[in-house]
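Two complexes come next, and they have one chain in common, chain A, joined by chain B in the first and chain C in the second.
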Partner chain A sequence: MTRKQFFLVFMIPTFIILFFLAFYPLLNAFYYSLQNWDLRSSRPIRFVGLKNYIQLFTDARFLNSLRISLLWSVITVGFSVFFGAGLLAPLINDNAKGSFRTICLFIFIIPALLPRVGAAYMWRLMYSSSIGIINYFLSFFGIGPIGFLENPSYALYSVAAIDIWQWSFLIAALTIILLQDIPKEIIEAGSLDGAKRWQLYRFIIFPVIVPPFLSIFFIKMMESLRSFDFIFVLTAGGPGVATETLDMYAYWQGIGSAGRVSYASSMSIVMLVITIILITIVWRGLVRWHE
Partner chain B sequence: MARVNGKDIFYKIIIILVLLIALAPILWMFLSSFKSRVDIISYPPKFIFTPVMDNYKRVLQMPTLMHGLRNSLTIVPISLLLGFIFGVPVGYIFARIKFKRSADLRFFILSLRFMPPVAVALPFFLIWMRLGLLDTIPAVIFTYLTIAISTMIWLTIECFKQVPVECEEAAHLEGCTQFQVFSRIALPLAIPSILGMCIFIFILLWNEFFLAFVITSQRAVTMPVASAAFAVVGMEVPWGQICASVILLSIPPLILSYFFVKFLPYFFKVS
Partner chain C sequence: MKKSLFVLLLITITMSLLIIPGLASAQNKITINVLTQPRREWELLEQYLPEFEEKENIDVVFHYFAELERRSKSRLDASTKAGQYQVYYIDEANVAEFAVNNWLIPIKDYYPEEYDFADFSEPLVAVLTFNDITYGAPMTFEGNVMFYRKDLFERDGIAVPQTLDEYLEVVKHFHNPPELYGTAVRGLRGSGMNVWRFSPYLKMFGGQYLDENGVPAFNSPEAVKAVEYYIELIKHSPSPTLSWSDAMDNFNAGKVAIVEYANLKMDYTMDPKGSVVYDKVGYSKPAAGPMGAISNTAVHGLGISVAGCPTEELKAAAGKFIGWFTSKENEIRKVVAGSGLTNARKSTFASSEFAAAYPAEFVEAQVEMMKIQQMCILQIPEWPEIGDYLGIKLEELFTKAYAGQSYDIQAALDDAVAYAKEVLGKK
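What follows is the complex of A and B.
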């Protein structure tokens, strides 16, 4: 088998599948988004042009979900990178050696590998305002009981805390592994020159781990768009619409209860466009900053 | 010296507290899964109680959950295997063969992983509905290929790049065909890290909720979907059963995480 045959034999089937999986659903969604298809209605399906899109941007509930999604991403990315790379990774890297360090790493990746549905239930049990262990501990300090999931002002942050819990530890573990790869000589040379601990991090370690770290940051950002599992199990978008993210709203509209397939399709197209724009901006920015 | 030791102990305590935060939710749910119906909803929460197996017994007799478990055990390995067959050779091609548009195709693969789930789920729901395949195992497997193949390609590129290129060049000079170089040299050398990636993808698919939730309802539900059904069951939350089913759901990822951690270094660098 020549190189060219090998290339064609393996590339073509895989990319046929991938192109189909990627573009067929999206083209379909775009097609439906121009119609007025409604699963709960018997009226004939016809084309309505951009009506769904125009309606979207006057839909207060849609604009609210857009805001919630954005807030969700900023909170979860910001805090998990801060806790994970900023606090936990240096703590372990400087203070845990040998097998203790390996145990720490092992425990750190556990929260992220748990099924998100499972993690959501674990926290829902702990958050409960009637039987929850968190409110029990808070009661020692005379606080509470707090309705973590029932109070509209806390609900989003309470759910985001779970995502931050999962990701801080994972990001910490990944950062520690990155730190391990830095040649010891560089760090020793730095210490001999009398550099302080933070100076070592700032001027020697930081520049070395930035490129791989940026890809971790990027992955976390993209994963933040997947908030549905937590929100569905913990609040289902409530109370009211306090935790209703874009995917939650699109789900209710298209599949859940309303059956407005076309309207929900236009929402998923808008979401896709926003994601593509964001990815491109962030990706370009990261690349430029790195250079 | 004494001051250093004091500082040492201080940091050790902090680390242990941190580890406790990482594990507390899992431990608490594990404990609760052995509580009786009365103990689980008592306040203040009970730390000492008579453990009972009632919750597990009940969960193991629930048809939906057992059905979900069987479906997951079918869907996830098959998707993973197909991901391997279609993904690994392509990962090798990206790592070793230069061709036009290589970077664009790689970005396409990356972007598959990052498509907003709703943008994928809703069209798939409609497609499977029209084909009459909604709520069937083949539909779930085919949908999961989006994740399995793209992640497999993306992760194995790095695995193959770590194989010393000299080995492959030597094999080429010996007159091996490209396929032989791949199957006899590159694949065996990269297989440890590729297996690590397979574990990762297994966990990813095992935990997947949203897509399965949208395209299944009864016959083809996966384990996470079956467990999540408790969330909408009604007013009284059956905490005992939830705890037991969540622990069952979490066992495979927890066991695999032990193997996974050994492969973690492969994710970034050859050791």
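What follows is the complex of A and C.
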């Protein structure tokens, strides 16, 4: 088989599948976003051009959801990476050896193995101000009850804490596995030159694992922009709109209550564009930093 | 080789003879898909489904979704004409929307005579009727009854409150968190959640959703008073975002002194398996506001989908299923099994089984409640959208008030009214 034949046999079916699974829904969403399709109305569907997009930027609830989405991403990605790769992984890598290390890795993976909806329900009960175990323990210190999911000032951070809990341990486990493959010689060379432990991580170890670590980082980043299931179970976007992310608002507008499919589609397209821009900016920044 | 081929051929022929008649009969058998929500009485009647399936040669499949998802799923199925479901679970909040868009078939055209549609309580049928056409067979209704802790009231010598002012005094008297909360009210956002529960208060304080010209007017001084009162109740609840079931779960756990809640929740309160207060509860009619006492009416029923039933055969099958599900026999089964309040027939409420199943004090409270039943939400297609937005604004107020933060009721209602005007203006 020639190289060209090989390409045709293996790549064409892949592109066809990709087209139907990824591009067709995307093109459809864009097509709908230019119309006035409303599930609750039997009026004929017609093209309205960019009307939905223009309306988006005068919609205070959309702008709020945009702000919440960005805040959510920064908090969950930032803290998951900081706790997982920055604190936990070096701690375990330096201090846990042999079977203890294996046990740690196993334990770290458990939160991520829990189905997200199940984990969310579990935490919702734990957070409850009347029957939750967290408030129960806080009561021994004369604190609370705290409305973790009910107070508009805490709700987003309380939900984000669960996401960070699920991801930081997984990121720590993956980082520990990456750290295992670093040649000992370069670490020993650094130590001989008098580098302190944090300097070894900052200047020698982390730069070596950056390329594979970037994949983990981007997976987390994209996942953070799609935390619908988590937020839906815990707060459904409330209290008020305090935890209403873009995908949550698109759901309420499209299917949840309003039935404005076209308007919700325009939000999805804006979200896609924002995701691409964000990932490009972060990617370039990280690559430059690594170089 | 030839022998193997012969054996293979024989097996193929035998299998075909066995399978083909089965396929033919499977093709003749109609399947009715029912879009519904998980409820105790549905699980109960699901046990009796085989008797209907065998009698009518119809397969029935229940598809369960939580209340909000059930509403959006049925809207999606009907509006896109997907037709995945033949029978929809409908309620007072979406009958108008479904009727205006011709998504439901008039139920009386296909409700079998043998099941006696005239036996349904007329006010309940009226809720599922739009422009004089009935779109659903009622299967349950809801109104508010006062549930109070008789043991605590007797201990402190407190009388059962008759007015909203007295009710609030009682709530404050018993409020001693975290051991005991004064009351529990719904705060979770949604047209069928906090807004549904808030609506009778709006009326009892003299407010209304639309003025005489059909213009949204729920930002009036009366509406502000109603929200102020509701916020007082929220402040004495275990949480400002309780859902439909959370509030009664707290009461049944013995953590709440008094609630006004759906009559049909009494089945759960009376059940010793899930309620620690099953023998400590007293019942009364709802407390009266400045404009008198009002109980909000909710009616849930079953309707036939236009998209899901393109043929006469399917329409008839769906009608037969609805007839059987809402039959007198099944209503009595529910009474005997401890779900007797999820019924809609006059004959059931007058039956000896019903009288034997419930305390006289509760039956009396329910009778009084039925006298003050009113449809407090708007029965217009735009209601879910308007109600959901108001629900968000109310939830914001409730959670801020509960957290001790500043809030502005007038601004929140003005915002919700502006949104309602925009939605109504578009249609």
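Note that the second predicted complex is superposed on the first by the 278 of 291 C-alpha atoms of A that agree within 3 Å, B and C clash if a C-alpha of one lies under 4 Å from a C-alpha of the other, contacts with A are read in each partner's own complex, and residues count from 1 in each chain.
In this text, a residue touches a chain if its C-beta (ideal position, glycine included) is under 8 Å from a C-beta of that chain, and two chains touch if they have at least 3 such contacts.
Just so it is clear, the model here is predicted, and its values are computed rather than measured.
Of the two partner chains placed around the shared chain by superposition, chain B and chain C are both touched by A:Ser130.
By the touch criterion stated above, A:Ile255 is placed in contact with chain B and with chain C alike. When chain A is checked against chain B and against chain C, the one touching more of its residues turns out to be B.
Of the two partner chains, chain C is the only one touched by A:Val241; chain B is not. By the touch criterion defined above, A:Met1 reaches chain B but does not reach chain C. Residue contacts after overlaying the shared chain place A:Asn151 against chain C, while chain B stays out of touching range. Legend: residue contacts after superposition of the two complexes on their common chain; A:Ser41 is shown touching chain C, with no touch to chain B. When the two complexes are overlaid on their common chain A, residue A:Ala22 makes contact with chain B while staying clear of chain C.
Common to the chain B and chain C contact sets on chain A are residues 130-131, 236, 255. The touching residues of chain B, counted against chain A in their complex, run 8, 11-12, 14-15, 18-19, 21-26, 28-29, 32, 40-45, 86-87, 89-90, 93, 97, 99, 105, 108-109, 111-127, 142-143, 145-146, 149-150, 153, 177-180, 182, 203, 206-207, 209-210, 213-214, 223-224, 227-228, 230-232, 239, 242-243, 246, 249-250, 253-254, 256-258, 260-261, 264-265, 267-269.
By the touch rule above, chain C contacts chain A in their complex via residues 68, 72, 75-76, 79-80, 97, 100-102, 177-178, 181, 188-191, 238-241, 250, 253, 255, 381-382, 384-385, 388, 392-393, 395-396, 398-400, 402-403, 405, 427.
Across the interface of their complex, chain C is touched by residues 39-42, 128-131, 135, 139, 145, 147, 149-153, 236, 238-242, 252, 255-259 of chain A.
Chain contact summary for the complex, chain A toward chain B: residues 1-3, 5-7, 10-11, 13-15, 17-18, 21-22, 24-26, 28-29, 32, 88, 91-92, 94-96, 102, 104-111, 113-119, 121-123, 125-126, 130-133, 136, 165, 169, 173-174, 177-178, 180-181, 212, 222, 225-226, 228-229, 232-233, 236, 246-247, 250-251, 254-255, 261, 264-265, 267-269, 271-272, 275-276, 279.
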